[in-house]
Structure formats: C-alpha cells, structure tokens
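Some structures are shown below for you to check.
Next come two complexes built around chain A: one with chain B, the other with chain C.
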Partner chain A sequence: MAETVNIQVDHITRVEGHGNIVLRARDGHIEKLEWQVPEAPRFFEAMVKGRSWQDIQTVVSRICGICSVSHSLAALKAVEAAFGMEIPPQMQRLRLLCHYGEQLESHSLHLGYLVAPDLLGQKSVLPLIESHPDLVRAVMKAHSTGNRWMEVIGGRMTHPVRLKVGGFTKLPTEEELVSLRTLLEECLPALEVMADALHDLADRLPDFRRETEYVALVRPGEYTFYEGHIGSTDTEETVPPAQFEKVANEYVSPQSTAKWARWHRESYMVGALARFNLNGEYLLPRAAATASKLGLEKGNCNPYWNNIAQMVECVQVVEDGIRLIDALLEEGLDEQSRTVPVTPRDGEGAAAVEAPRGILFHRYRFDSRGFCIGANMCIPTNQNHANIQKDFEKLVPEILDRDQEEIRLMLEMLVRAYDPCISCSTHYLDVTFV
Partner chain B sequence: MTPADKTGEDTGKPGRPVVVGVGNLLMGDEGVGVRLAQLLQGYESLPADVYELGTGVSGLMSILPNRRLALILDCAYMGEPPGSLVWFTPKQVRDRKEQLRWSLHHGSILESLELIQRLGCAPRRLLIGGIQPLNVKPGLGLSPLLERKLEEYARLVVEKLASEEGSR
Partner chain C sequence: MGKPRVAIFDFACCEGCQLQIANLDEDLLNLIELVEPVEWREAMSEKAGQIDVAIVEGSITRAEDEQRLKEIRQRAEILMALGSCATHGGVNKLRNRVPLEEAQRIVYGASAGMPHLQSGQVKAVHEVVPVDLKIYGCPIEITEFSRIIRELAAGRTPFVPNYPVCVECKLRENVCRYEYNEICLGPVTRAGCNARCPSNGMWCFGCRGPVDHPNINAAYDVMAKYGKTVEDLVGKLELFCSGEERIRG
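Then we have the complex of A and B:
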C-alpha cells in the first residue's frame, strides 16, 4: 500500500471541457478528494434574453455540437408551452425521429472514441485502427448513420434548421425516409460488432457499486426520450417538466464553477443508466436482447455501466427509428399538419427532453410581443457533478491500496463514464507552425 | 446525388471538393468559419460542396473521406495579426491543445483528420484556412474587423479552390 497518494489530473482528457481530479492521501487517510470544474461559465441564458421567440431555437442549438437537437427540442417544447400550442402527433413523431439520430451519433462516438481506448489500454482511438479495425469501422458506420439521420429529418447533421416552433419548416420526402430506413437496417450489424466488443471487454469495467438515485423522463409503457414526467428510482412520485426546479434544486459548490443538483439524496445521476433503471422493461426486443447479452439488469448501480446502457440505447433508437419510419410511411406524411400557427403571448413555459447524457430542462418567459424576458437551462452534466463527487468518496477508500496510476485511471474512467459535457462551446484551433 | 456519391465512398473515385466551416456562433470570432461557410453557401456556381458544421466537428468524419480536395475554415490562434487568413496543412502545425484530445464536443480537428488518414480514406489534398481572431468570448457576432473582412475571405476561398483544382 502506498504511504502517500497524490493525484492531480488537470483537464482530464477525453471529456468535453475542463474538469480536474484531485486526490491527496497519507497513510490510508484521505486529505483531499475533489471533482473540480474550473470552467468559466458561459451564461447562454443571457444570450437569448431580449430576443424574439423565433430566434430561441437557432441560438440554443449552437450551444453544443453534440446535443444541438436536444437543446433545440427542449427550447421548442418550452416556447410552445409558453404560447399554449399543441403540436400534431405526426410532427412529434418526426421530432422524436430526429432526436434518435442524435442519440446514436453521440453514444457511438462516446463508446468508440472515449471509452474503448480505456478498455483496450490505449490513450486514444488511433492505435485501435491497427489493433481493432472492425470495431473502429463499426463505430464510424454508426456515427455516420446518426449524422445522416439528423440531416434527413433536421435538414443538417448538426444545429438543425427544419425544427421550428409550431412544427417543421420542411418535411423529409417519403423517398428520403425509405433511404433512411435502409441506412438504419444496414447499421444494425455495426451495432452488433460494437456490442460484441463491449461484451468481451465488460469485465474490465471496475466492479463498483453505490446505491444511487436515478432520474429520467418516465412515461407508462415507453422507453421515453422525448415526452413524459420526471421520475426517480427513489419514489413513485413524478414531477411535470414545468416544475423541474423542484427536482434539480441547483446549488453552488465551492469546488465548482458549475452548479450542482440534488433531489431526494445528496446527489442523483442522469443519463443512459438512469433511463434504463427507470424504463428498462419497455425496451424493444432487439435492444432488450442486447441488454440481456451484456448482463445489464434494472437496479444496476455501477456508474461505469452507463457505457453499457449507452450501447443498449444505440440499438433501441435504431430499432424504434425503423418502427417510426414504417408508421410514417404507412400513414403518409401530412403536409397540412407540418406547422401550426404561432400566436405569441405573455407567458412562461418549461420543458424536458432526454439529451444523450441525461435529462435536459429549459424554461423561458416572454412578454406580450413574444420577446424573451427570462431563461433558465439546466443541463445534464451539471446534474451529474455532485454524483461524480459522491462516487469518488465511495470508490477511493475501496481502492486506496492500489497503485497510484491504477487509482488515477479508475477515477478518470469514472468521470468519462458519465460522458460529461462541461463547456459546450468553443473548439478553436491553437497551433504552432513546425 | 447521395452523400456517398459525393465522398466517393462507393465509387472508389475521389469525390467532389468540399469546403467546411466550423466554429461557434455564440463565442464571437470563434464563429468566423461558420459565417464564412454560410456566405459561401450562397455562391451557386462554387465548384464544391459547402458544409457549415458549427461545433459538430466530429461530422468531419462523415464528410471528408475520399474527397479530392477539402478546405476547412476555422478560427485559429496562430500568432498572426488579427484578421489574417493563413492556409496550412495539418502536417505543418502542432496542436497546442493536446490536453483536449478526443473531446468530442470541442472536437479535435487535427485528430479527426489523423483518424481519417489512418483509415486510408483521407482527402487527396486538405488545407485548413485559419483565421486569427480578435475576440473570442461569449456573445453573438464577429468583431467588426472580421465582419468587414468576410467578403475578402470568401474571395480567397474561391481563389484557393480554383488554384488547387487547376494544379491537379
């Protein structure tokens, strides 16, 4: 057992934005253990204040290149709630279809580029091209399918332009839907390759458990990503999205520039594992079979297994995507219901959707002309920060007798398992000429 | 024409040239690549596909494979005077943000390109048009300096496309 453990990981790699891990221990006593977020706040809410309802989706879709559909949908639903609008069911299904494309794209990239290197003992995905070419090609197939999926429905592969308050600016053609359906069918073998690889590597995920509160959207009979109330594994009570502040209870922690959240306990977890733990019995057959094959069962409280749940969700969204396309083609696309009229009014609305990395809340207030006078966005990563800290506090005493490098890797892997998205913003190049 | 036709993925022939703008419109001059791509999308006779990826940089891996020519437009700190546009290849530079390797949301352009190259489907020729920013900070809109120069940048992209295509 090491007498002194001193781990300081500044700007942990393979996560978005800046997060630090600090662990100092002496003679088996932990002196300091923190998950720190030093990232400067970006105040996106301030950017929409004073803007027309027509601009909100365009602005918030630019917050994140990976979650642009999720931010768009949360904003649209919140604006429509504020104006008391009802969106036709077919347009809701099309929005869900677009949402699924984002889940596939985000999850496949996270699993392939960020998680697989950990499980295969590499620092990045690049060495895997030689050692596991079939896996890398499968990941790229899933990723490109997700991109094309969003392009067909949302008009672009990121930052969608067809999703608008009231419905869509343009519908996909039936030919495009047929073509998309073919792409999804062709993606299923790639997902099998990924699931097989995860199956073979799952025993390398640390064996760690901590009783945790999981929070996600719930809707009877459905593995929901888009509609429903807010549910928790700690209670039968559900909360409507309009009251999301009762769930998130955001507060400030001295070790973080990002807000933390808590509901029934000191912390809770959102994301794929939370969705599975709340809705796993509603998976479609192929996704359920994938969960079974990977050994994922409801009640799993190992945060590293969030990655396994993401794999299951990749299959779920493709499977349900095919089902949705079949239904749309059978009933025919209804151009008449493409958009409903918008009548701005003085009001307030809030909404929730499941972004790839967990439940996402938006709230807006408008004046009588439809100009935004208040906004609040509560993103999934912020809701997970406190839970990462609590996982650290349970995990580290269990592994403190291990090699310092092994401890560091296990802590980094734990953070990456949450698929955190800390800054959602810049990516400029910073180069020197050689 | 399907995306696969454009990239040459199915035909084995090099696909059409492509111009890709990346960046974040919510961070001042960080959005210059995006604004430039949006401007170029209005040029109907441009002999290239034009994509504006915003911060979805991982989309490069869907767009670039097997292209004949790719020009990527992005805000870049290069130690040049603000407003400068400098063309360079990935091999000519070293990324100082190595700590952000494979951060998908920031998206490492250089690592995305390396991945495509190692998979054997890199564009035949790839250039990055880096534009030195004046201000990168939360807020909508470019600095007046870069805003004024957008048309000039667009002209430089058109010229670069012509010279690269003419020399092949």
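Then we have the complex of A and C:
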C-alpha cells in the first residue's frame, strides 16, 4: 500500500467546464478529499434582470452550449407560465422532438468522445480513430444525427433560433421531417454498434455502489423528458415544477463557485440513471431491450452506470422520435397553430425539463411590461455536486490501497460519469427576488 | 514544415463554440490531416508546450484568467479569438451593466462575500492580449471555422466578411424583418452566418458584432422609415455587446 497518496487534478479534462479533484492521504488516513468547482462565475441571473421577455431565451441559452435546447425550453415554459399562456399540443410535440435531438447529441458526445477513451485506456478519442474505426464512425453518426435533428426543428445545432415564447418562428417542411425520419432510422444500427461496444467494456466500469436519492421528472405511463412533476426514489410524493425550491435546497460550499443541493438526504443524483430508476418501466421496446442486454435494472446505484443509462436513452429518444414524426406527418403540420400571441403581464412562472445531465429548473418574474425583475435557475450539475463528494467519501476508503494512478483515474471517471456541465452549474442559483 | 500545432483554451463562456468544433464530426477527421491538435482540455488529457495556433474561447473575468491568457499568448505564434465571448465579450458583458457587488448579491445572496466568488469586469480577449485573428458568432459557424483552419494550414490570410448580414439575407430572398415590425441588426452586423436567424424567422441579434465601418446613417434611415428609434436599436445591440458606442457615434 502506498504510504502517501497525493492527487491534485486541476481542471479535469474531458468534461464540460472546470473542476478539480483533491485527495491527500497518509498511512491509510484521508486528510483531504474534495471535489472543487473553480469555474469563473458568470452571474446569469444578474444578466437577465431588466431585459425584455423577448430576449430571455436568447440570453439563457448561452448558459450552456451543450444543453442550450434544454435551457431554451425551460425558459420558454417558465415565461409562458408567467404570462398564463397555453401552447397548442402539436407545437409542444415539436418542441419535445427538438429536445430529443439534444439528448442524442449530448449523450453520444459524452459516451463516444469523453468516456470511451477511459474504457479503452486512451487519453482522447484521437487514437481510437485508428484503433476502433467502426466505433468512432458509429459515434460520429449518432452525434451528427442529433445535431442535424436540432437544426431541422430548432434552426441551429447549438443555441436554437426557432424556439420562441408562444411557439415557433418557423416550422420544418414535411420533406424535412421525412428526411429526418430516414436519418433516425439510419442511426439505429450505429447505436447498436455503440451499445455492443459498451456491453463488451462494461466490466471496466468500477464495481462501486452507494445508495442515494434519485430525482427526475415523472409522468404516469411515460419515460418523460419535457413534462410532468418532480419525483424521487425516496418518496411517493411528487412536487409540481412551480415549487422546485422545495426539492433543490441549495447552499454555497466553500469548495465551489457553483451551489450544492439536498432534498431528503445529504445529497441526491439527477441524470440518465435517475430517470431510468424512476421511469425505466416506460421505455419503448427497443430501448428496453438495450437496457436488458446491457444488464441495467431499476434500483441500480452504481453512478458509473449513468453511462449505460445514457446509452439506453439514445435508443429511447430515436425510437420515440420516429414515432413522433410519424404522428406529425399523419396529422399534417398546422401553420395556424405555429405561434400564439403573447400578452406580457405582471407575473411569475417556473418550469422544469430534463436536460441530458438531469432535471433543470428555471423561474422568472416580470413587471407589467414584460421586463424581467427576478430570475432563478437551478442546474442539474449543481444538484449532483454534493452527490459526487459523497461518492468520493465512500469510494476512496475502498480503493485507497491501490496504485495512485489507478485511484486518480477512478475518481476522474466517476466525475465524468455524471457528465458534469460545469460552465452551466456555476453562476446562478438562489436568487433572492428583489 | 510539419503540420501546425493547434491548441484550444476555454475561459468564461458556455463552451458552445468548441462544441461546434466537435460538431464537425467527419470533417474533423479531414482537418486533423492538416493540423495537429496538441491540447484541448474538453476532449484530450494531454498538455503541450509551444504551439503554432492558440484558439481561445470565452471572456476574461478574473486576474488569474488574465495571467493564464498571457501565458498562452507567450506560447503561441498565432492567437485566435473564437466566438462572441472572446471577440466582444458576448452576453457576458451584460453583467458589466450591473455593479459587481450587486451581481454577487443577486446570485449568491448572503454568501456573496466568499473569496472564490470574486470576479472582475468582463473583458474580451483583445482587451488583455494582442489577437491575430477573430472568428465571429454565437456560436461560430462550423463551415466558416473549417474554411479558416484550412486557409491557415495553407499559409494564406483567411477571408473574413466585412459587409453586413443584409447582403446575405437579400441573396436568400428573405422578407425583411422590419416588414414584420421587428428590430433587426442585419444592417450593421458582420456577415458570415448566411443570415441564419432572419432565414429562420427571427431578427438578427448582432452576435457577430458590427462590420468595421457600419453605415450608421443608412441604419438610422431604416429605423426612421419603420418608425423605430435609435434607442430601440441600442437596446438590441447591448445583448451581444456588439458595438453600441460605434452606433451612437
């Protein structure tokens, strides 16, 4: 056993944003073990204050490049709630379709470009281009399909243009939907290649378990990403999005520019594994088959398996995406319902959606002219920070007798498994409404 | 000469512009035939020494980040600012409108005084170190990025448009957004996006910043014709920090 373990990973690589891992141990005694978030604060909640309702989505989309559709949708739903608006069901389905594109894009990027190198003993995806060309091609296929998908529905692959308060600025043509459907069909074999590779490599995911609370949107009969109430594996009670502060009790940690959160326990986990643990029985057939092939079962409490749940969700969103497109083509896109008129009013609204890395909450308050006078955004990665720290505290004593490099890799892989989006998670939270 | 050594660095931003680089997918394989990626925290674990092209994304907000940027400048032959946050400050600069103490209080409440939450005024990259080349947009357009990297690899000076978005918008035969009673920044904003937003039913937000010599008088005429005021225009320009002072003249 190493007498002294000294690990300091500054700005961990292959994650979105900046995070540090610090571990100092001597003679089997842990002196310091911290997951730190030093990302530069950006103060989004201060940035939207005083801006018109028309600009909110444009600004908050820029919280995160990789979850810009999720931030956009959370903002639109919250603004529409504040103004008491009802969006036609077809436009809601079209938004969900766009949201699915982001899930596929984000998960495949994470699995293929950020996680696969760990499982294959490489430092980046670049060597895999030579060593595993079929896998890399499959990842690129899935990733570019997700991007094209968001572009067809949202007008751009990052920071959507067409999603606006009231509906859409422009609808896709039926021809575009038909070719998107073809793309999704063609993507299924690529997802199979990825799932097979993950199946073969799953034993390289550390065998670690820690029971925790899982939190995600729930809606009866549905594996939901876009609508529903807030659910938890610790309780039958669900909470409407308008009361999200009941769930995400945020506090400032001295280790972090981002905030931490707790609900029924010291920490909880959000993301693909949380969604699966709460809604797994509602997966569509192909996705359910992928889960069972990979050995993912409800109640899984190995955080490394968040990656497996992401793989299952890639199949789920493509499968449901095809179903949604078929329904839209069958009923025909209704240009009349593309957008509903907006009447700003003095009011407050909150909303929740599932970003790829977990449940996301936005709240805004407006004056009578529709200018923003208060905002609060609660980001999935923030909700996970405390859970990462708790995982560290259980994991490290179990592996402290291993080689320092191995410990470092296992800690890095654990952080990566959460797919943290750290630039997202800093700079918000806990706004005092003024 | 070998392939140019390229590194990507990120500062305060959404990291959507380096995501666009990953979004090149198959084309990324072509580009790495031409240049050698040697450091890219979001995608690689390696760290490099001297580099030919440093691509810098994000705004600079803290003294420690200014220091890191200066070190990058010393290591790099060519320094490229990538995306609005780097070229102008982008949406981050909205925060400069609010006194820092107030921004901290709004976001972090009673905990605002904790030392790691300190942050200075938001700066664009050229406000800290000399910048050799800018790729505009929020986010950048991947086709433009790909072309500029190819031009650099070939030893040419990359072409960057210096005419307004209206030129591209007219070529796409879009109906002018002013006809919809909207305020569009197309008349003063640098082209290169192929008028993406107006072509998707939205006004131009000015994310690419103003052309070098915007025709302010013509913009005033457009505003007058459609019954809008200069204040309306300035309010829009603020969003991406795209040259409010130049428009006011």
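A few notes on this one:
By definition in this document, the second predicted complex is superposed on the first by the 423 of 434 C-alpha atoms of A that agree within 3 Å, B and C clash if a C-alpha of one lies under 4 Å from a C-alpha of the other, contacts with A are read in each partner's own complex, and residues count from 1 in each chain.
The rule we apply is simple: contacts are C-beta pairs under 8 Å (C-beta built on N, C-alpha and C of every residue); 3 or more make two chains touch, one makes a residue touch a chain.
Just so we're clear, the structure is a prediction, and the values are computed from it rather than from any experiment.
Steric overlap between chain B and chain C is present once the structures are superposed on chain A.
In the superposition on chain A, A:N20 contacts neither chain B nor chain C.
After overlaying the two complexes on the shared chain, residue contacts for A:N387 are found with neither chain B nor chain C.
When both complexes are overlaid on chain A, the residue A:E45 reaches chain C alone and has no touch with chain B. Contacts of A:K170 after superposition: chain C is touched, whereas chain B is not reached. In the superposition on chain A, A:V252 makes contact with chain C only, not with chain B. Judged by the touch definition given at the top, the superposed model places A:R162 against chain C, while chain B stays out of reach. In the superposition on chain A, contact is made by A:H110 with chain B only, not with chain C.
Contacts of A:T224 after superposition: neither chain B nor chain C is touched. Judged by the document's definition of touching, chain A residues 11, 13-17, 42-44, 47, 59, 62-66, 68, 109, 113-114, 117, 123-126, 129, 140, 143-144, 147, 156-159, 423-424, 427-432, 434 lie at the interface with chain B and also at the interface with chain C.
Listed in rising order, the residues of chain B touching chain A in the complex are 2-3, 22-27, 30, 52-59, 61-62, 74-79, 88, 92-97, 99-111, 114-115, 118-119, 128, 130, 133, 136, 138-140. Within the complex formed with chain B, the chain A residues making contact are 10-11, 13-17, 42-44, 47, 59, 62-66, 68, 105-106, 109-110, 113-114, 117, 123-126, 129-130, 136-137, 140, 143-144, 147-148, 151, 156-159, 179, 421, 423-434.
Of all residues in chain A, those touching chain C in their complex are 11, 13-17, 38-47, 49-51, 55, 58-59, 62-66, 68, 109, 113-114, 117, 123-126, 129, 140, 143-144, 147, 155-159, 161-162, 164, 168-170, 252, 254, 256-257, 259, 423-424, 427-432, 434. Residue ranges of chain C in contact with chain A, taken from their complex: 11-20, 22-23, 25-26, 29, 32, 37, 40-46, 61-62, 65, 90-92, 94-95, 97-98, 102-109, 111, 114, 116-117, 119, 138-139, 196-197, 200-202, 205, 239.
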